[in-house]
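I have a structure here, written as structure tokens, and I will follow up with some questions on it.
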Amino acid sequence: MMSRSWRDTGWAFALPWMIGMVTLTLVPMWMSWSLSLTRWDGLSLGGIEWVGLTHYRALIPGAPSTDERAIKAVTNTLVYTVLAVPLNLMAAMGLALLLSQRLRGMAIFRTVFFLPYMLSSVATVMMWSWLFNPKFGLVNRVLSVIVAPDALPGWLYSEFWCKPTLVLMHVWLCGGPMLVFLAALQRVSPSLYEAAALDGAGRWRRFWHVTLPQVSPAILFNLVIGLIFAMQTFDRAYLLYDRSQNHGLLFLMLHLYRSAFDAPHRIGYASAMAWVLFALITLMVVPILMMGRRVVFYAVRR
Amino acid sequence: MMRRSWISYGVLTLLAMVSLTPFVWAFATSLKPIEQAYEFPPTMTLEQARWSNYTDVFDKLPFGQFMLNSTVIALAAVTGAVLTSSMAGYALARLPLRGKRFWFALLVASLMLPSQVLLIPHFLMYEALGWVGTYKPLIVPAWLGGGAFNVFLFRQYFRSIPMDVEEAAVLDGATRWQCYRRVLMPMARPAVVAATVLSLLYHWQAFLNPLLYLSDFRKYPVSLGLRMYQTMAGTWVNLLMAASLIALVPMVVAFACGFRAFDPRRRGH
Amino acid sequence: MIRRLAGIVGWGLAIAAAGWWLFADTLAHYQPGLTRGSTDTTTIRFSHFGSYQDYALWEGVIAAFEQENPRVRVSQEYVPGWYGRYDTKIRQQILSGTLPEVALMQVAPFRGLVEHFAGVDRPIAGTIALTGLEAFTFPEDGTLRGMPVSGGNLLIYLNPDCVERASAFHGRPIELPSDDWTVEEFRQIARALTVDLDGDGQLDQFGFWLPRWLYYLPFIWSFGADVMVDGEWALTGSEAAAAFDFYRDLAVTHRVCPEPADVAQLIQDTGFLTGKVAMCVNGPWFQPFLNETSLKDRYIVMPMPRGPAGRRTRVTWDGLCIADGLPYERRDVADRFVKFCVSESAQRMIAETGRALPSLRSALPAFATDERRGRFVEALVYSRLQPMLPQFRNVDRTIHWQLYRWMHVDVDMSADAFLDDLARHDAIVEAFGVDR
């Protein structure tokens, strides 16, 4: 099928990206790996001191030299990711399905649901801490109609509720994945639905047997990206951390950032943490990608 | 059918109201004097609204210039990001390419490493190139693949388009570039819109890179401008909200236009 | 054929233009003479942090300097916001050898960075505030690492509306104490100002915002305690216990301080602004903020109350540092700029903003234009510097976190037990190296 002269056109198309990959990612990655084996305050290249795997040892739970704070940060991050990602995706999918109907005024609704995603994180965080204020916030005011005053959640100020609050925020910010789903839903040809309808398939079966396989590449994409981004949550944690009790919002990226950018500036240790984060994400993402190869429906199989 | 659409509208309106509540709050705050901005519960009435906050945003800072700068950076970066990432995605999804598995693994790996650790190497590199103080560190990376996120997005989308559409074009004597340009990109319009919108947003909101690479006040983007309302004593939250909402306007306009690509009525068949 | 040729030429031009755009700056970076013909003006860079008001202030100072020095240009590099991001940027510049010739630094948060700058010339004895010089003099080698240009000390701000409301509530006027008030009087007035105005069982107005971050230092000191003495951890003994007991009593026994959720995302300053808390500890930089509100002409500034060990407060200084290893010409301009910034005219500009005290003593009257501002100048006598330790931010954060836990979670712990616990905390052990 393929003519000879076409064999290596892939290179031509991917070249700019490959150049970027090597210069902007591979080289810095190698640098950060090397740095993770050193102690360095990030001020002069002469001040780098080789320490081998010491930093990684501090990140193994249960050892005498363990950085308990880091373990707590990993736990927080995992709990948050496991809660936030599925809920966020379900919300995004639900909205995308509603918004892809052939109805008037959908353009306005799409913009409305995308708005939260457009706002700067500073403003977002400010708005949320208002709404979820335990004593005066709108949310607890509404809740107080049905819930006893003592049972009202303390939201960001409570060790238990701080993560659910962030999860809710993440659900509210589902505009990104929603957009990807919307794009994917456009690819589903109406003729497939018509055929399914002729076969007498109900709405649920049409969703299950037509829509879902057709948008499965987008689901895989959103799941992988969602996991990666949730594991790397930083902005919101950075802005809200001081409100939380007992380090309830200490996420790994925040701990990493603080190690690197607060005195005594442990660039090496922060790099080691980045690689632990990398490993954790790999453990989550690789099985999903492997499974994806069997489950996801691609028109192009290669 | 009639009944179903009414249910849809009902559900959407309800959700929209919930989703917009924080914006009502933000808007109200942007109209208050600073001492009422933090008041619990809010007591302000509409007659007291301080519309002058919106002109203050422009009086106290060259906010118009910031908006213009952001626009220049975002447009230059997004063009490159969408072009190069769609090309790479096309190659990864549909073209013969040696070591494709390796490149794909690298793509995913580059997503998994937090960007913070790349800060120092990137800075040293751009400094060696003499690019610090210019827009290049903010724009050039976008022309080199435009971020793994976009490449991955396009790769997924291109893989969901059947091979035969391209083969038909090839039989008509089209080159690969013509296939990409005339056949696949038009078919991938929703993905192009999604990638454009998300990249636009990313560059519009980027904060740390402009902060590190730019030093001239007149070159600053909006994202830096928004931090200027923080003082040692506190934040001018009313001005911050007004400025945030102003900064939102170009995005909303761009997206409202872009979203028309998702309208089934406009889809050619 | 012609179309093809035009295509090739077009592409060639586009690639050439892109190449020029990409690498013209690189060329200029390595061969400055090539692109930017030599001129007789010397340009130096000056970087600083802060809000848009700080930008405007320095813009004015630079304009005045350039007017006096016609063949010199200062390019202003302004990093919006506070320390965190400024620190990141300066670090990158140190690492890549691209520090601006002059940078505004504050020793306390940036001590580790200030070390990387060259020293500045000592000013004529007695012209510059003593604590300012002390802040920038490093004991290791005695050099002056930066020229203090502006500073601020902490005093008590009082919201008159709160006094009025509390007076109405109690049915008798609450009298303001004399300037020579004691911590005991302070406690009494804080209690009187804490009221449940609408009688719903929840307090609506609190007497005092309990400072956690750094601002707790004046009280600790006035009880005779200190965080650090001669580089050693010093929050031990009966003075420290008394100081922290005073603190805990304010929050737990007398309930004059709001709990975090009582005031939502209000910070000390906005809590004060909205009349939620009647008193807070703050510096002169609070004034420009207050001056744009309805409290403008009415807020009251009180001296620090006197404790068992006398009257104390904390002062902090921002100073100008000069990059190391500059060629003579630029070093000369940098020196001239720094000297200009502590000259009478520049110091007056700083003083007039009301945001900070000038470091030049003869410019202090320009700051003390009214009674409230005068209090800050008077307080310089009993102001001292906070401990200068590279990890002080971590230490400070730990103290405030533990204090927070003590006041809201482990309420029944004694002050001695609290201090023992604190001294064993990993951040403290790490900073001071000794486990007690």
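Letters A, B and C name the chains as they come in the text, with residue numbers starting at 1 for each one.
We adopt the following convention: a contact is a pair of C-beta atoms (placed from the backbone, for glycine too) under 8 Å apart; a residue touches a chain by one contact, two chains touch by 3 or more.
Quantities reported herein were computed from a predicted structural model and do not represent experimental measurements.
The chain with its Cα centroid farthest from the Cα centroid of subunit B is C. When chain pairs are compared by their number of contacting C-beta pairs, A-B comes first.
Centroid to centroid, with C-alpha atoms defining each point, subunit A and subunit B lie 16 Å apart.
Chain centres here are Cα means. That of subunit A falls 36 Å from that of subunit C.
Residue positions 42, 126, 130, 133, 135-136 of subunit A each touch two or more of the other chains.
The set of subunit C residues that touch two or more partner chains comprises 88, 95, 264-265. Residue positions of subunit B touching 2 or more other chains, listed in rising order: 40, 120, 227, 237. Subunit A makes touch with subunit C in their complex at residues 41-45, 126, 129-130, 133-137, 154, 157, 243, 245-246, 261-265.
Of all residues in subunit C, only 84, 87-88, 91, 94-95, 112-113, 116, 202, 260-262, 264-265, 390-394, 405, 409 touch subunit A in the complex they form. Per the touch definition, subunit C reaches subunit B in the complex via residues 22-23, 25-30, 45, 47, 50-55, 75-82, 85, 88-89, 92, 95-96, 98, 264-267, 269-271, 273-274, 276, 282-283, 285-286, 288-290, 292-295, 355. In the complex of the two chains, the subunit A residues touching subunit B come out as 1-3, 6-14, 16-21, 23-29, 31-32, 42, 95, 98-103, 105-107, 109-124, 126-128, 130-131, 133, 135-136, 138, 172, 176, 179-180, 182-184, 186-187, 214, 217-218, 220-221, 224-225, 228, 232, 234, 253, 256-257, 260, 267, 270-271, 274, 277-278, 281-282, 285, 289, 297-300, 302. Interface of subunit B with subunit C (complex): residues 33-40, 60-61, 119-120, 123-124, 127, 129-132, 134, 136, 140, 208, 211-212, 215-217, 220, 224-225, 227-234, 237.
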